[in-house]
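A quick write-up on the structure given underneath.
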Amino acid sequence: MKHLKLTDNTSYDGSQIEPLWAFKTFGLKDSSIVSWIGPMEIQPDHLIDFEDVGLEIKGDQMLHFIIEHFDVQPADLNLCYHRQRIFVMIVKDILNDFGMTTTRNGDDLYFKKIDNKKGKLSVSIATCSASSMKIHFALNLTENGTPTDVDTAALFEVGVGIGAVQVNEIAETACDIYIEEISSIKSDISKTKVF
Amino acid sequence: MKHLKLTDNTSYDGSQIEPLWAFKTFGLKDSSIVSWIGPMEIQPDHLIDFEDVGLEIKGDQMLHFIIEHFDVQPADLNLCYHRQRIFVMIVKDILNDFGMTTTRNGDDLYFKKIDNKKGKLSVSIATCSASSMKIHFALNLTENGTPTDVDTAALFEVGVGIGAVQVNEIAETACDIYIEEISSIKSDISKTKVF
Amino acid sequence: MKHLKLTDNTSYDGSQIEPLWAFKTFGLKDSSIVSWIGPMEIQPDHLIDFEDVGLEIKGDQMLHFIIEHFDVQPADLNLCYHRQRIFVMIVKDILNDFGMTTTRNGDDLYFKKIDNKKGKLSVSIATCSASSMKIHFALNLTENGTPTDVDTAALFEVGVGIGAVQVNEIAETACDIYIEEISSIKSDISKTKVF
Amino acid sequence: MKHLKLTDNTSYDGSQIEPLWAFKTFGLKDSSIVSWIGPMEIQPDHLIDFEDVGLEIKGDQMLHFIIEHFDVQPADLNLCYHRQRIFVMIVKDILNDFGMTTTRNGDDLYFKKIDNKKGKLSVSIATCSASSMKIHFALNLTENGTPTDVDTAALFEVGVGIGAVQVNEIAETACDIYIEEISSIKSDISKTKVF
Amino acid sequence: MKHLKLTDNTSYDGSQIEPLWAFKTFGLKDSSIVSWIGPMEIQPDHLIDFEDVGLEIKGDQMLHFIIEHFDVQPADLNLCYHRQRIFVMIVKDILNDFGMTTTRNGDDLYFKKIDNKKGKLSVSIATCSASSMKIHFALNLTENGTPTDVDTAALFEVGVGIGAVQVNEIAETACDIYIEEISSIKSDISKTKVF
Amino acid sequence: MKHLKLTDNTSYDGSQIEPLWAFKTFGLKDSSIVSWIGPMEIQPDHLIDFEDVGLEIKGDQMLHFIIEHFDVQPADLNLCYHRQRIFVMIVKDILNDFGMTTTRNGDDLYFKKIDNKKGKLSVSIATCSASSMKIHFALNLTENGTPTDVDTAALFEVGVGIGAVQVNEIAETACDIYIEEISSIKSDISKTKVF
C-alpha cells in the first residue's frame, strides 16, 4: 500500500471517490492513499451518501485523504466502513497528540470551540464497486466556505497552534499509521490458531 | 448485540475464547460481549497466538472482555482483527478521558510509568471458527501476578485515580460504544451509493 | 428489518427494484419490506429479467412486495434467490390457509381455475448491487390489464372469498412470517456447533 | 446433485452429519442427498445443536434426509439454514398434497392430532465445515421410541392413510423438488441483470 | 458449462465482455465459453483494461474466446484472474503440442520469430459484475491489422504448419480441457478433508 | 510471499500440510512456499485426500513444495485448488524447458517412459482451515520406495539429464514464477474496470 501526496490544490468534487481514480489519474497500481490540501465542492451527481441529498458539502481548504483497497475480493462495504472507522480513530489520536481533543460520532469528528459550540471538523464517506473499496475523509483547515447551516470547526482556527507544517505532519503520520495498521492485521492473521 | 457483565471473579484460562462459550455457559444467543474482573492464567492447550508458545500469559486481576460475532457468515478473521483494533482504540479513547494517556501498537496498549518505563497494559487475541468471530481483550488492574519477564502497567497503579468504580464505568462505556459502533456501520451501509 | 405498508396506489414501473429505493423514497434505513396495492407496468429500461425482453409485464391491480437486504456484504444474488423462494413458499402457505391451493414452479405461483386452465398468479424477480439484495414479488388481484398472451389468475377472481380485507391480512402475515424467518435463521446460527 | 436411497435400516446416531460422510461411506462425490428409513438415537458427542444438550433425541422409525452441499466455497452456515428452511417447506407442501396439514415453526413441523394436541413431527439441524454444508431432516413414522417429555406426531399414525408406499413417494418427491429448486436458482442467476 | 462455437466472423468490439452477453445474444444460460474466428477492433468506451487507454487493440483475424462464470456468487475478480491464467496456460500447452513453443508473461503469450524478435501472440482481459465473471482471450491468426507499434506474432505465420483446421482443433481442445479443469476442481473439493 | 528452502532431508509425513506449520516450525509469517528434498511416508491420520484411504503414498526421495496462503479470508478451498492447478502447470512448463515432456491430468503429472508406460511423476493435495489455504506438491526424484501397485516415473531416471543441480534450479524457478504469478494477478485487479 502506497501513499501519494499531491501538492497542487486539487479541488475535491466527488469524482475522486470513483473506483480506480488513483490509477487512472496517477498510474498508481495496488491499494493506495492519496492526500492533499484543497477546497471541496461536491457535484450533486457525485453524491455517495444519500442522506446528503440536497445538502451543501463544501469548504475552502481541507486536508483530503482518498483511500482505495483492492486486497479483498469481492470488495466488501462492511469491511470498508470498519477501515473508515479505524482511519478516523487514528486521526483523532494524532490530533490529541497535537493538543486538540475531539469527540467522535461514527465517522465524524467534532471540536468544542471557545464559545462551547461543538463544531463539525470533518466529512467522510465510504463506498465500493465490485472490485475496490474507497474511503474519503477530509478535515476542515478553515471554516471559510463551509456550509452556513452547520456549525463547523477547523484545524487552523481552533487555537492550538496547528499550521501548515503541522497539517503536513498530521497527514504523513495518519497515512503511515494506517498503512502499518492494515499490514499488522495481515501479519496477526498468520500467527493465529483458528477453530 | 448484548452485553453481559459477570460478577463472580471468573478466571480467564483460555477456554472462554472457544466458539459459543457465551451460549453454552450463559444461554446467550446472537452476538455478545461478556465483561468481568478476574485473574488470568492461560492453559497451554488453549493458546491461540502461536507467538506466545512457551510464554506465561497471566495476571492476578484483570478487566476481561470476550466478544463474539455471528453477523458475518462465514466468519472472517480479517474482519475480526479489524473489530479488535476498533475495540482497542475505543478503550484507548476512554482511558484518555480518564486522564490516562496510552500508546498503542497493533492490539497492545502501553503506559509510560513514573520511572519512564513503558509498561504493557493489555493482552488481546482474535480468532474464529467457520461460523463465529471471537475477541479477547484484557487490561491489567494490578501488576501482581503478571509475567516477570515483561514490563507491565496496571490501571489501579498508574496514579490517575482509577479504582473499582472507574473500572466499572470503563467497562460499561467500552461495551456501549463498541455495540453502537458496529450498529452505526450497519446503518451507514444502507444509505450509501455503490458503483 | 421493518415493514412499511403504502396506501397510495403506487404504480410498479420497475424503478422500485433499484437499490436504496426505500431509503431514497421513504428514508427507510436498514433491511425492509414495503408492501402496497397498485397497478404494474414495467418500463423496458427497468427490466431485470432478460428472459422478459420484449414481453409485456403488467396488471391493473396487484399486491406488491419490495424486499431489500443489507445484512450480507457483499450482496449475494444466490442467497437473494434463496430468500425469494422462501418468500414465495410463505405466500403459498398463507394462500393455502385462505382456502386457495396453488402450485409453485420456481418463483411462480399458479392456480387451476374453474375451467381447469392453470393461471399464472404472480410475477417475481430478484437482483442485487454490490451492497444490497432486492426482491420484487406481486400477486394479481384482478386479471384486468394482465398480458393477453398469458393465462393468468387473480386473488379476487378465484372464487374463494378473498377480498380487500383478506388481501391486507395476507400482506401483513407474509411480511411478519418472512421477517421472523430471517431472524430465526440468524438465531439458529448462534446455537450451532460447526466442524 | 445426486440422490441416494438407502434400504438397510441405518440408525441415525449423529455421525452422519459429519462432513464427507456420503463420500467416505458410499463414495458419493459432489453435492448429494441420502435418504433412508431407520431409527434415531443421537450420541451426545455427535450433538450439533447446543440447545439440545441433555435432551434425548430419538425415535424408533424415521424418514431421514442427509444433504451435503459443496457448491459454495467457503461453506456458509447462513445459506445452509436458508436451504434447510426451503427443504422443510418443500416437505410441508408435499405432506399437504397427501392430505396432511402441518404447521411450521422455523425448521420444525407440527401436526394437530385428533386430541387437538400439537405433536412435533420432525427434527432438523444444519451445520458446516470450512468446505461443506450439511443438513439433517427427519420425520417420525411412528411415535414409538420418541422422547417421553415431548408431544410428538408420526406419519403412520396421523390417520390420513400414509403407509410405507406413501413415505417412499414423499421421500422421492422431496428430493426431486429440492434438487430441481437449487438447480433452478442457479439458472435464474444467469438471466438476471444486476446493478 | 457449455461451449458454443460461432461461425459468422463476428467482430470483437469489446461489447462481448459485458455481463450476460451470451444469454442476451444466444439465449445461453449458465456458465459458458463462446469461441469464434473474427477481427478485433475495441471501441474506446468498451475498454476494460485502463492500462490500454489510448492504445489501439486490434487485428484482422483472431481466434476469440469469451468465458462467463456464474458459479461463484458474488463474482470474484481475483478468482476470475486465476481462471484466466489457467486458460492461458492450457492454450500454451496445446500450442506446444502443435510444435509451437511460446513464453508466457502473466496473461500474455509470446513467440520468438525467425528474426529472433519476440512477437506478442495474444490479448486478454478479465472482469466481473456483481454476479458474473468474464474472460476474453484471443490469439492472432495473422499479423495483418495488428497495432503497428507492437511486435506481434500470429498462428498462421509462425511457420509450424498451423492452418484453419489446426486452429479449429486448438479451439475445441482448449475449451474441452478448460471445462474439464473447472469440473475436476469441483470434484476434488468433495473428497478433501479440511481443518 | 516468501520462499524458504530446507536442506535437511525432512521426511514428508503429512503433518506439514497442517495450517501454520511454517510459522510454528520456522517462524515464517505471511504466505510462504517451503521447498526441500526428502522422503515421503504419509501417516494415515494425516491423510487429506479421502480417495487415498488405504493406499500407500510414499517415495524415498522427492522434491517437496508446501504452499500456504493467508491473503484471502476466509480461506477458500475452491481458490486453493485453482492455485494448485496453476502451480502444477508452472512445473509442467519448467520440466518442458528441461527437455522433459509430461502430460497433466488435474493435479497429476505423468511421463511416458522408454517402455511406453505412463509413469505417475507427482503427488498433490490442497486443503484449508478457516484462515489458511495449503498445497502440497511433490515430484519423484527416484522410483525407489514408490508404491509397488502404481506405475511411477522419477526426474533422475527419465534420461533427460536432470540431476541434483537441475532439481535445485527447477525448485527455485517454480517458486519464483508462482510467487510472481500471484503477485501479477493482484496487480491486474487494480487496473481493471468492472461492471
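Going by the order they are written in, the chains are A, B, C, D, E and F; count residues from 1 in each one.
The working rule: a contact is a pair of C-beta atoms (placed from the backbone, for glycine too) under 8 Å apart; a residue touches a chain by one contact, two chains touch by 3 or more.
Just so it is clear, the model here is predicted, and its values are computed rather than measured.
Trainee: Which other chains touch chain A while also touching chain F?
Mentor: Correct list: B, E.
Trainee: Check every other chain and keep only those touching both chain B and chain C; list them.
Mentor: Of all the chains present, those in contact with both chain B and chain C are A, D.
Trainee: Compute the centre of every chain as the mean of its C-alpha atoms, then state which one is farthest from the centre of chain A.
Mentor: The most distant chain relative to chain A turns out to be D.
Trainee: Scan B-C, D-F or A-E for the interface that duplicates A-F, counting it as a duplicate when over half of the contact pairs agree by residue number.
Mentor: When the residue numbers line up for over half the pairs, the pair is B-C.
Trainee: Using just the Cα atoms, superpose chain D onto chain E and tell me the rotation angle to the nearest 5°.
Mentor: Rounded to the nearest 5 degrees, it is 180.
Trainee: Taking each chain's centre as the mean position of its Cα atoms, how many Å separate chain C from chain F?
Mentor: The computed centroid separation for chain C versus chain F comes out at 51 Å.
Trainee: If you average the Cα atoms of chain E and of chain F to get two centres, how far apart are those centres in Å?
Mentor: About 27 Å, centre to centre.
Trainee: I'd like to verify one number: the distance from the centre of chain B to the centre of chain F, where each centre is the average of its C-alpha atoms, in whole angstrom.
Mentor: It comes to 40 Å between the two C-alpha centres.
Trainee: Mind pulling the residue numbers of chain E that touch at least two other chains?
Mentor: 19-20, 23, 50, 72-74, 76-79, 128-131, 186, 189, 191-195
Trainee: Please categorise the chain-chain contact pattern as a line, ring, star, complete graph or other.
Mentor: other
Trainee: For this entry, which pairs of chains touch?
Mentor: A-B, A-C, A-E, A-F, B-C, B-D, B-F, C-D, C-E, D-E, D-F, E-F
Trainee: For the complex, which residues does chain A have touching chain C?
Mentor: 50, 53, 74-79, 128-130
Trainee: Would you tell me which residues of chain B are touching chain A in their complex?
Mentor: It is residues 18-19, 47-51, 72, 76-79, 81-83, 85-86, 89-90, 92-93, 96, 104, 106-107, 125-129, 181, 184-186, 188-189, 191-195 of chain B that touch chain A.
Trainee: Give every residue of chain B touching chain C within the complex, in rising order.
Mentor: 19-20, 23, 29-31, 70-73, 129-132, 186-187, 189-195
Trainee: Using the touch definition up top, name the residues of chain E that touch chain C in the complex.
Mentor: Spelled out, the residues of chain E in touch with chain C are 20, 23-24, 73-74, 130-131.
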